[in-house]
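Down below is the structure, laid out as structure tokens.
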């Protein structure tokens, strides 16, 4: 596995829509198009430069269109080209980017457009996530209640104090003020406001949950030659992996799933990372509920088991800390479900390209993008750097 | 709910997936559908100069954005058709009709819709001349075209007029910017043989798990396969009835369609003998006194398939070490 | 297309060869009695793993294909993972497409060198819903889906276009149906395994003119699994790997009104990219075409330039068993299986997705040294394969 002769993969274009609760000004096609055009423009590319399109989104029921990529082929310039549709639950945005990256790495194609989207306003995610299933006892609606018991288990296991979740929510929302594309721009957010917001699924408060967004994210991935022609700097993929484990099983650690830590370990091995805390400059991780930041900090090897919350509490994960997490504002500020994972991957790429604007982490050279989905069971991650991989 | 059981005892039940999707249109589709409301048919000029009706937002060949609108005729020619002897829910006509692709006069592409053909399939053919029959009430949707109807046959039938599309600015008063698209699909849900065995036992107020022949772990509810070993589970094991609350949350928001008063406690409960926790409501104790390690037992009610909730047994709390692997 | 390699597939990786080394499928039935998706899938996954001696831990990659809209539930694929035994955690992905595209994703993964083996599976339990009605939801949600044109209507419009163009006639279509279902007599997994002769079929009334019942596929519950392996690993895992010499897929515009429904340029382009038409390459002895409706086989034969030398759908094809989302993967599996069994030297497999053959995938699979001259064993095997399929 050491000498695979893979083609290095470069991210040369990143685009995202303005995210909002409802983008009533565009059709589904118009929404994906907005992100795609921005990515093409960033890459200095035209539709004709794209060899294939890889698209991802969460369940088709959210928009009520079965395999919407069929209808979107025209809008994404895919006619006459290969088009793949990925669906790996919440991790899909990340998985979609990795499938696209593999097309370049395997030298099947030179330049690939990858895109993920969700237009939640076409329906109602609460409905889509909680369709009643016969014979199952209806106990809950929405994802918060599903994840809250795991958060409690984390607090019990680590002795983390109650306010950590609010620290994360406040930090991410403040970061979002520096990101013009973010859905939530809460100018007056304070720790106290988060802590006094309604307790929805104790221990998760309203202000510690992600919004429902319409939005899309796109990237142009290319090979060495393509990167050489691109007008701007590239982010280079140094490692990428997906890992899955069953939804529910005897022995599952829902607080720190092995699929997540295995996935991170694989990415670090590919990238030659031995001390992620020291060697990684910025992290975009999938934090739909604020407590998942300390949980993933441990799962991804940035903190020892039980110590993730201390890292958060110390301010290390703030934009000016030594390990900024979600400088973009993260999922807590923008959540077009299927695109949320790709936004993490794309924001990581923006950081190492020095293109993150106001939320740029100074001198970021190595960044991790992370996504997860299902019952904390599907993971996808990539690590990008400002230089091509050695070899 | 009408449920059924097959020869194998496996259960099934109806599952209805229904939602009124709200779709925003974007400029081109908005102009087209608003036009239909006003009995005006718009097309769009493609990159190669063709007039596409219905108008698409992006060129099917070059992908470029298309915005030049034109108006075409409400009459046209059938380019292909098929008979529909038994219309379904939601289709344009309730009596048998023909599905048709129609190239409207002035257009270079065809539009799919229904053709009302009282004469039956023998009266329909490719090349026949048709015209739009407008819906009496129009709201800005493709269904504003009620259907097509045959145009009186004549010499023109063989030689359609060479209408030219006319420029149109796409501007209308009070444009339609969105549509509501109700969609209902009816399914029959089958939970599987293992779950059916589990549900059958619940009727006798017994909770049956299934043991994996490879790793010996007991799954509840059983899912037919041990998810870590990938082998079938079939040895049944009676569990509980008591168990331990491994973790929980207090639910403070009322979910639509869920008849449970808030606040209530949603818990993970590891029944004695089970390899993992199942999910249930915890009651019979103030919600703010529920804790991890609490020992509970099921409370059944007449009409419920599942225990209505779990209540404290009064035993001392379980030690964290005894259930932390089940979290 | 800017991709300046003459053949996207052959250029891929350069050095890596990837083969199908095992294929299994369920019995295809109208209704998989009482089985959950995982229960339907489990024996099929077990069969390919047992046959290759692989366990989950040795799998380099896992990829599946399915549709939530068939199941009627979002995230329906997550529980299907139970059938795999994904522990320790596996490198895994899922496409909301026919399993043929899951196989494509897995093939690319193997080409990168990141994995040496892959499990691919897919399933379709069409019995859960009203399939023709469910498939209306694949159409443009603004202009088409609100009219609820079902899959029979979609097929009827395409069939009529083909008849009007004089490309086929009803007698030929009945022949396609009869040939397919009679071929399935040799396929114990198939759902429909015999057919009256074409003359008798043509005496039937129309179901939906121009379609008669025989022009339609059955509604099927079923599942399938394939194991892919690269290079020497493939040779270790089976005696006669079915080497994927090329694979490509292309999509067309969505709107039926802008397309020529009598042709499939995307199939032709994918076949060209997959190396089917390579100069000097022999005609395939076998073709497994994903043509759920009879007229679609006619379109595909023309696009793939198949002649008398090629046996089409010896398995019976989708007209004999049509588990939606798996039927395309089964075409690749069936084509490869003939190579694995030594009855084919060079086979072409095709999968389709979307209305009016909108999206098409073509794979060319070959036995070792398939390029040997006609008249060698390959020819004899092919003749035998043709014989078997009669």
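As written, the chain order gives the labels A, B and C, with residue 1 at the start of each chain.
Everything below uses one rule, namely that a contact is a pair of C-beta atoms (placed from the backbone, for glycine too) under 8 Å apart; a residue touches a chain by one contact, two chains touch by 3 or more.
Chain-to-protein mapping (UniProt): A = Acetyl-CoA acetyltransferase; B = DNA-binding protein.
Only a predicted model underlies this, so the values are computations on that prediction, with no experimental measurement involved.
Excluding chain C leaves the other chains joined by touching in one piece. With every chain reduced to the mean of its CA atoms, the largest distance from chain A (Acetyl-CoA acetyltransferase) is reached by C. Look at where the CA atoms of chain A (Acetyl-CoA acetyltransferase) average out and do the same for chain C: the two points lie 33 Å apart.
Inter-chain centre distance (chain A (Acetyl-CoA acetyltransferase) to chain B (DNA-binding protein), centres taken as mean C-alpha positions): 26 Å.
Per-chain Cα centroids separate chain B (DNA-binding protein) from chain C by 26 Å.
Each of residues 69, 73, 79, 81-82, 86-87, 134, 137, 141-142, 145, 253-255 in chain C touches at least two other chains. Within chain B (DNA-binding protein), the positions touching two or more other chains are listed as 11, 15, 17, 21, 23, 25, 29, 56, 60-61, 181, 183, 189, 191, 195, 226-228. For chain A (Acetyl-CoA acetyltransferase), residues touching at least two other chains, in rising order: 27-28, 61, 63-64, 74, 79, 131, 133, 246-247, 249. Of all residues in chain A (Acetyl-CoA acetyltransferase), only 1, 4-6, 27-28, 48-51, 58-68, 70-74, 78-89, 95, 98-99, 102-103, 105-111, 128-129, 131, 133, 241-247, 249, 257-259, 262-263, 266, 374-375, 377-378 touch chain C in the complex they form.
Chain B (DNA-binding protein) meets chain C in the complex at residues 6-12, 15, 17, 21, 23, 25, 29, 33, 52-54, 56, 60-61, 79-85, 88-92, 99, 101, 103, 109-114, 121, 126, 141-143, 179, 181, 183, 185-196, 223-232. Looking at the complex, you find that chain B (DNA-binding protein) touches chain A (Acetyl-CoA acetyltransferase) at residues 1, 3, 11, 13-15, 17, 19, 21-26, 29, 56-65, 177-178, 181, 183, 189, 191, 195, 199, 215, 217-219, 226-228, 246-253, 255-258, 260, 263, 266-268, 275-276, 279-281, 292, 305-306, 320, 324-327. Contact residues of chain A (Acetyl-CoA acetyltransferase) toward chain B (DNA-binding protein) in the complex are 22-30, 33, 47, 61, 63-64, 74-77, 79, 121-124, 126-127, 130-135, 137-142, 145, 148-153, 156-157, 198-204, 246-255.
Taken in their complex, chain C has these residues touching chain B (DNA-binding protein): 33-39, 42, 45-46, 49, 56, 69, 71-73, 79, 81-87, 125, 127-130, 133-134, 137, 141-150, 152-153, 155-161, 164, 206-211, 253-258, 261.
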